[in-house]
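Below are structures written as structure tokens.
Shared chain: chain A. Partners: chain B in the first complex, chain C in the second.
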Partner chain A sequence: MADVATEMAAYRRLVGARMRADFQYRTSFVLFLVSQTLVSGLDLAVILVLFSRVQHLAGWSVAEVALLYGFAAFGFGIADVFVSQVEMASRHIKAGTFDLFLLRPVGALVHLCASEFALRRVGRSVQPAIVTVIALTQVHVAWTPVKVALVPVTILSSAVIFGCVWVVTSSLAFWTVETQEIANSFTYGGMTLSQYPVDLFATWLRRLVVFVVPLAFTSVLPASYLLDKPIPLGLPRWTALLSPAVAAVLVVVARSVWTLAVRHYRSTGS
Partner chain B sequence: MRWMWEVAVRAYRRQATYRGATFAGVFTNTVFGFILAYVLLAVYRERATINGFDAVDAVTFTFVMQGMLMVIGIFGTTDLADRIRTGDVVADLYRPVDFQAYWMADGYGRSAFYAVFRGIPPFAVGALVFHLRLPSHATTWLLFAVSVTCAVAVAFAWGFILQLTAFWLLDVRGPNQLGWLVAQFLAGVFVPVVFFPAWLGTLAHALPFPAMAQLPVEVFLDKHDGFDVVHVYAVQLAWAIALLVAGRALLARAMRKVIVQGG
Partner chain C sequence: MAIVELRDVHKTFTIAVRKGRIRRERRLVHAVDGVSLTVEAGAMVGYIGPNGAGKSTTIKMLTGILVPSRGRVQVDGLDPNRERVAVARRIGVLFGQRTQLWWDLPLGDSFTLLRHIYRVPEDRFEQNLSTFRELLALDELLPIPVRQLSLGQRMRGELAAVLLHDPTVLFLDEPTIGLDPVSKEAVRSFLTELNRTRHTTVLLTTHDLVDVERLCERLVIIDHGRVIEDSTVASIKARYGRERTLVVDLETPGPALDIDGAEVVKVDGPRQWLRFRRDQLTATALLERVAARAAVRDLSVEEPAIDDIVRAIYRGENAPED
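Up next, the complex of A and B:
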């Protein structure tokens, strides 16, 4: 436990230093914060443009799809603030500066995420958070204690799942530095996919996001439970409540993959 | 003009060395193509056409668009801005060639590489799974190629202006990201401009962005036949010239007002 406390203290100090550095370039910081807020806004704009042409998408109304968007984008936004920095690993490996992270008395992952921390990324969560709240007031939910608890649990699980996807896909950089963009398919692509009812995708893709890359647990499965819709792929109702369990399993997987990847690291030596 | 050719050839070769990155990019474009195609198909389950686009048009649009993204460079670059920030831009300004033309030749070299290696593969993979429409006449391919060439100029000119803000701001990531996000959305990268509600469509067409992507894909889909294509080219060239001139004016201002970072 002492280890965790030391790591947390180090994390806070590193993040504090980064935040002070960010404030040195105030205009850039503000513009970047605005653009980060807009990034997530564009995804919503796409949904609204589609719904300007139709009433339903695969049987989901605009408010229901907005809720999917909220769950996925809010969770993604939290992961973006705390974990997305792991994608910088490829740049450090290429430059040979990854050595630094291995020489410090802090875990390489924690150190990497702290030293690349950027407060402006918070902009990415603000707008999805608001949309989640508005969507919840617009959809019809027969509230039960389980459903009330499901909302915060889903958002946290969604953040953890996206964070793990980020770590696993970025670990690929330890074998091949040029292919970082493949990670984008799973992180940014995964978030885009999670904003829509999974039933509009082909069956193979539905199976993929439920059983292999479990993105369906970030939004569509819990939302189906919340809205009393049929659970995708004809799964039993209780499976829609498994998001936290899936997130926990993914943490174990992500940890192993990262450890394996770091062990594989060879410095450029330059 | 010989030197512009040489700059473009160097840019092409530089891009060609990143084989892994090319593969990764194709993979990502294809994945996004699949996601967007399925979403658009769900829209067409509710209705048959939208502003003259049927389901096959929309899915074809998506894969042509994914292939074009890097050709027109719609994610932006910071090559020039980085050189302004570090002060290396001084060396570029010393060269006995036109500054804007130099960077434009570099951009075209890169685009030529992307047209072959990033443009065709996502479309080919998409065609394995979805019903896509190829141009009905051989001439459409030529008309499309000309339109893409114009689109590259419009997008280059826009990026040139965004990067020049580095003379005033140093850290251009904010304005760069903002400028390109607006461009992507209004150019129809995520959802075709014909899907936009009327007011948003009007707004988009009053701005240079559809000329970067939406218009060339419409040409590919045979939406503009005969004299109509001339109109498309006119719009694209007008925006390209207007933005290039604006970029030159901004550069002139920067030269007069700004002290370049030294050391």
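Up next, the complex of A and C:
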């Protein structure tokens, strides 16, 4: 791990190169940035439309659901900026250009994510960030030091959890080339799922998002703690604080899956 | 000292073959089927074979891109899979069909980026860059975005790019593919110079045997994933290329000469081509026999072309029996 500094330096350089290259296509950059910002508002629009018909959703008010949305979408947005590029693995595998990421003295995942870095994706985080702040001023929270710390920790954990889901689902591309749809249903689908109180869902789905693909830790569990709501599935209160631990475990899992996947890489002829 | 070592290396792929509309059958393909090969430090070795013989697969196992199914691979004493990053620092890899440069950035930017990625010390970098600028005439190319370079120009850039970090071994996969004769020559003389001054070990795959003749002392031929020939270029020529051709220009055009130990393969006016075996007849002896029959104005001896020899080896023709 002595090479973390080297990796970081290489990462910065690669991202810089990518940004300079993208800057050559300025108009496209601006258009994308705008479209990404607008599109990211659609999820929120759906929630607002819902609340124009009902007062509460499984006992959650509009501001409370907006907070859920903020936690999930902000974390998702950060992961989108730094990790979602791993999706491109499948394209590189098909074209045989994944070879390049294995030729340089930089971790293949870091190399891939840096080379495909797209600043325009930042647009996805702007609006969720604003929503998070507004929602926090509208909900009633009995603030304690733990709860104050919980807000940034949740957003970061949420980013890490979504990042890991991205890495794991994209790793499938090393075994079978057409996996984009499956991957999307976990990442984008998972993000949408995380914007709603889990009590809306059937029990099996609740269990799935808590124990299997632990997306509940990105939003609904920490938010329940913050708002002094009962913890879903009747879990003890402290479990709602486990997001960073869950994120850490997922990092280990994602790393192993990725390493295994790269060993499975088959390249292309010639 | 062996710097590249393959010991009984296999690489097997499973491919799905369509059988009818939906049914698929899995089939094993042995891309590399028990290759053993040692390259000494400072050597330049040609690794050739027909398309699909397993050349690129071998290179990819040596560079840590692919994991061998079986067998041992070592580069500079390290396992390219377990110690991929350490190996990456010691090797340079060039794929003639793929770029490693930053497509949208000026060529010079690619070099600076690589300096940081490989952590090349500043002074060493400057030294290397100025050497390559001169040898590869890169000066006016540095500010041009890579996508605007011609293939020949880009290849010069690629060569410099894979050498900036002073690799001890250079793997070149078809470095001259698609280049015009002048660019090919530039690449070849650069590699010769590199090997002479820096003793960089080079393993080269190519379909252009002039590359091999110009650069390599040793030739390894692979087909169907197995090494079918491994010796010096001179010895391969000596063993397979036993037939030479004496070309004579006679004073007066005439019918094909009938000479013991030689066969006329072509007649063009006064010029005749006589094929003979070097182990049966010397060129001087043959010339004496020709001169005894007709007045000779001029002559030359044609050696078998490496192309013909290699074609014969690919076809599976054995070396003539002693």
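Descriptive notes on the structure:
One rule holds in what follows: the second predicted complex is superposed on the first by the 267 of 270 C-alpha atoms of A that agree within 3 Å, B and C clash if a C-alpha of one lies under 4 Å from a C-alpha of the other, contacts with A are read in each partner's own complex, and residues count from 1 in each chain.
As a convention for this text, contacts are C-beta pairs under 8 Å (C-beta built on N, C-alpha and C of every residue); 3 or more make two chains touch, one makes a residue touch a chain.
Because the structure is predicted, anything quoted here is derived from the model rather than measured.
In the three-chain model built by superposing on chain A, chain B fits alongside chain C with no clash. Once chain A of one complex is fitted onto chain A of the other, the partner contacts of A:D3 are limited to chain C, with no touch recorded for chain B.
By the touch criterion defined above, A:V146 reaches neither chain B nor chain C.
Here the apex is the CA centre of chain A, and the angle it makes with the centres of chain B and chain C after alignment on chain A is 90°, in steps of 10.
Once the two complexes are laid over each other on the shared chain, residue contacts for A:R266 go to chain C alone; chain B is not touched. Legend: residue contacts after superposition of the two complexes on their common chain; A:R104 is shown touching chain C, with no touch to chain B. In the superposition on chain A, contact of A:R20 is made with chain C only, not with chain B. Comparing chain C and chain B on the residues of chain A they touch gives the larger count to B. Touch criterion met: A:L205 reaches chain B, while chain C stays clear of it. By the touch criterion defined above, A:V46 reaches chain B but does not reach chain C.
Between chain B and chain C the least C-alpha distance in the superposed model amounts to 9 Å.
Against chain A, in their complex, chain C makes its touches with residues 13, 51-52, 56-57, 60, 63-67, 81, 84-86, 88-89, 93, 95, 97-98, 100, 102-105, 109, 113, 116-119, 145, 173-174.
Looking at the complex, you find that chain A touches chain C at residues 3, 6, 9-10, 13-14, 17, 20-22, 24, 96-97, 99-100, 102-107, 263, 265-267, 269-270. The touching residues of chain A, counted against chain B in their complex, run 25, 27-32, 34-36, 38-39, 42, 45-46, 49-50, 52-58, 176-182, 184-185, 189, 192-193, 196-197, 200-202, 205. Interface residues of chain B, counted against chain A in their complex, comprise 18-21, 23-25, 27-28, 31-32, 34-36, 38-39, 41-43, 45-47, 50, 169-175, 177-178, 181-182, 184-185, 190-191, 195-197, 200.
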